[in-house]
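Since the structure comes first, as structure tokens, the remarks are kept for the end.
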Amino acid sequence: MSGSIEVRGLSRTFHTTVRRPGVAGALRSLVNPERVAKHAVSDISFDVAAGELLALLGPNGAGKSTTIKMLTGILTPTSGEARVAGVVPYRERERNARNIGAVFGQRTQLWWDLPARESFAILRDIYEVPKAEHASRLREFDDLLDLSSFWDTRVRHLSLGQRVRCDLAAALLHDPPVVFLDEPTIGMDVVVKEQVREFLRHQVEERGRTVLLTTHDMTEVERLAERVVLINHGRLVLDGGLDEIRRRFGSTWQVRATLADAHFEVVPLPGIAVLSHDGPQVVFGPEGADAPTVHQALKAVIERYEVTGIAIDEADLEDVMRAAYVQAGVA
Amino acid sequence: MKAVRIAWRVTCLNFRAQLEYRAEFLLMIAIGAVWQVSVIVFATVLLTRFTGMGGWDSSEVLLIPATRMLAHGLFVLVLGRMHFVGRQIQEGRIDIYLVRPMPVHRQVQLAYFPTNAIGDLTVAAGLMAGALSRSGLDWSAGRIAYLVAAVVGGMLLEAALFTAVAAAALRFPAADYWSNWLEELLGTFGSYPLNVLPRAVSGFLTYGLPLAFVAYFPAAVLTGHGHDTGVPYWLAALSPLLGALAYLGSRLLWRWSLGHYAGVNG
Amino acid sequence: MPAAHAWRVARVTPLGELHAPPRMTAVLLRLTVQVVLVASLWDGLYAHTGTTAGLDRDQAVTYAVLAVLASRLRELDQYTGRDTVLQHLHFGTIVYWYLRPLPPRRYYALRALGEQLYGLVWALGGYAVCVAAGAVEPPASAAVAGVFALSLLLGQWVLYYVLLVLDQLCFWTVRNNAAMMILVFAQNLLSGVYAPLWFFPDWFVTLSSFLPFQATLSVPLSLYIGRIPLSDAPAELAVQAAWVVVLALFTRFLWRRAARRVISQGG
């Protein structure tokens, strides 16, 4: 089964009641409510290939969760269309349910009063997973996520990190080709985060699952995603590879070189500007739309000049995304 | 003074918050009506069936549920959120309250506006009016003052019981289970002359779970049955004071438990 | 295979209880105290009265004790399991109900079934003890016992739907703790848990005969103590069955509306 996701012109409008201020206003709203429309998602289109991990990024309230809800079949779009593994999720919710796994941040789907392993057993029977298959998959997840040290504990007594690891396992036990993760690592410590990322990478690379992930953690994006989709105010702002985003918003690197010969004449290289020149100290920066990446620039500088010392300042993805959000009119 | 102002403002906000949920607010009003009718029916049905219950005539018995209901209504309005502390503990709200510069107990009380208290108090006031109009007693200033004290004392005693359960829930969240039962026991056994029960049972409801002090003893003192309640007359007569003392004690217990609060979910 | 998930889901409640022994102790204590209190209350009330509203003392005590036992069938502390509709809506986890290949209404039904069967074990245990202790009269005849069992089954079925409607209401009115409590009280009152409906004024009895609540408890218990004669049993059973059908259709309709609401608001 192909686990691709196709999104075409997806839109979703919510109608809410405006609240008037004050007790008198609240009483008036009670009698005569005023409705307004809010466009949570407008005309979004993108594709995710089978076996690809795509990060869906955007500031809070950009429409990420609404998009995921439409793709999981919980929410019906106002217009547009989506297909997940060939199924229109909101039209055939139950069929779609067998193809997908989902984790919504800190919301757990585990049974609060039971040991986590009982939840796995309940889900096994709900999804009709054969016993042997279930056992072997659970072993695999245990190897990656260390579940067995706490899966006999009742869920109410698990720590957040333990619970989310169990939730991830619970979402993937029925071997879904497509996985939706809405901020899965929120609030976790670095060790657990790394473990979860390793697990996700394994699921994409070894098991060929398609993963759509939302997160605010740029390290995560850098480690996991090759492609990102950036949305804001419900609109798609950018769809491209990490490289492309760096090129567009992140050309803020600097190469600081100490030249062997302080009197050597410094000339700009293609796409590389000289930002300052003070004796042997030269600072290079990107120039123009076709500026090279920091690695290419580094190579070019070393090849062209004789240097005794060199250092780079590269904007990390966090800076890049900040620039992207600012340019997209977010901040 | 500042505390009162903050409490008032938060209460206003809470009241507005109740209005936000239109359907629920209207539903609460509708349900309030059902509640009123059913309570009055329930309170009067047994009185008319079993006249001479425990040697009391029915106009005298009516004073017991009237006192209890009024005390209960005031409790729900003023201190009723104690009942839901267990829920607030499980949701981690207490942790949030602990870092704010206001006593946790007050924040618990200000968590939301008890819309249903309006219904409770309306029924209770109606029942009390009915009980007083049927009563053949001479309502001197002293009697009225004692009745008022009894209502306040009953409210404080009920609050004390729920505060004690809440204090236990701070340490053992499962203790919340008992608050529902407590509500049920108060509702079903707080409205009769307890001398109809076997001694062991009425003893339990006096010294074990002291609901006899909420309305039964004060009503007995008022109607002249104070000498055959099974407890010394002075003890029955001191019910309002005991309510106040119990409440003070429960607040100390609450404070102590809060000091030992360990949080939920690590 | 379909039976497997049914069994799994149904046993969630008993399993959760077994994992929490203090809770079971609490249930036992509460049940015992409640039975003793209720039995002595009715005993005391009848001290100066022979027969009232067609019930003598033994009938009234039997009715009251059975009412306590029967209300145990579905009166667990459901909130601790965090698996009520109200809590799922509050925590936003209701979405998972709609993300599984098991329809929410079937999941709900299976959970309730498990809960009611678990409660039945408690009720039967309590019943055996009460009969042995003489607090409850045994049924007058095998026929009465049979009709009672059938009527109790139908009553529990109606009760299931009544509680389901209360839960379904949460889809439209979130945060209604207090409303739920009042509705539960009204439901208990109208089904005759607190006092047999026979004691109430005529208008109240007439009113409740138009409502489903009396079918949950009042009818089966009245059959047991003989307040409703066997000759009237078929009619009463038919009314119960009619309520089952009506409420089944109504709750199905509400499930559909609830799903539409979740799907239009996103849970």
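Every chain is named by a letter (A, B and C) in the order it is written, and numbering of its residues begins at 1.
As a working rule, a residue touches a chain if its C-beta (ideal position, glycine included) is under 8 Å from a C-beta of that chain, and two chains touch if they have at least 3 such contacts.
Just so it is clear, the model here is predicted, and its values are computed rather than measured.
Participant: Count the C-beta pairs in contact for A-B and for B-C, then report the pair with the higher count.
Facilitator: B-C
Participant: Average the C-alpha coordinates of each chain, average all protein C-alpha coordinates together, and give the chain whose average is closest to the overall one.
Facilitator: C
Participant: From the mean C-alpha coordinate of chain A to that of chain C, what's the distance rounded to whole Å?
Facilitator: About 47 Å separates the centre of chain A from that of chain C.
Participant: Find the geometric centre of each of chain A and chain B from their Cα atoms only, then give the gap between the two centres in Å, rounded to an integer.
Facilitator: The computed centroid separation for chain A versus chain B comes out at 52 Å.
Participant: On a C-alpha centroid basis, what's the spacing between chain B and chain C, in Å?
Facilitator: Their C-alpha centroids are separated by 27 Å.
Participant: Can you pull out the residues of chain C that are in contact with at least two other chains?
Facilitator: 20, 80, in rising order.
Participant: Using the touch definition from the top, which residues of chain B touch two or more other chains?
Facilitator: Residues: none.
Participant: Residues of chain A that touch two or more other chains: which are they?
Facilitator: Only 156 qualify.
Participant: Enumerate the contact residues on chain A facing chain B in the complex.
Facilitator: 17, 19, 22-23, 26-27, 29-30, 33, 156-160
Participant: Which stretch or stretches of chain C touch chain B in the complex?
Facilitator: Interface residues on the chain C side: 20, 22-23, 26, 30, 36-37, 40-41, 43-49, 52-53, 77, 79-80, 169, 172-179, 181-183, 185-186, 189-190, 194-195, 199-201, 204.
Participant: Given the complex with chain C, which residues does chain A contribute to the contact?
Facilitator: 14, 65-66, 69, 72-76, 90, 93-95, 97-98, 100, 102, 104, 107-109, 111-115, 118, 121-128, 154, 156
Participant: Contact residues on chain B for chain C in the complex?
Facilitator: Against chain C, the touching part of chain B is residues 21, 23-24, 27-28, 31-32, 34-35, 38, 41-42, 45-46, 49-50, 52-54, 84, 87, 114-116, 119, 174, 176-178, 180-181, 183, 185, 187-189, 192, 196-198, 201.
Participant: Which residues of chain B touch chain A in their complex?
Facilitator: That would be residues 12, 15-16, 19-20, 22, 25, 265-266 of chain B.
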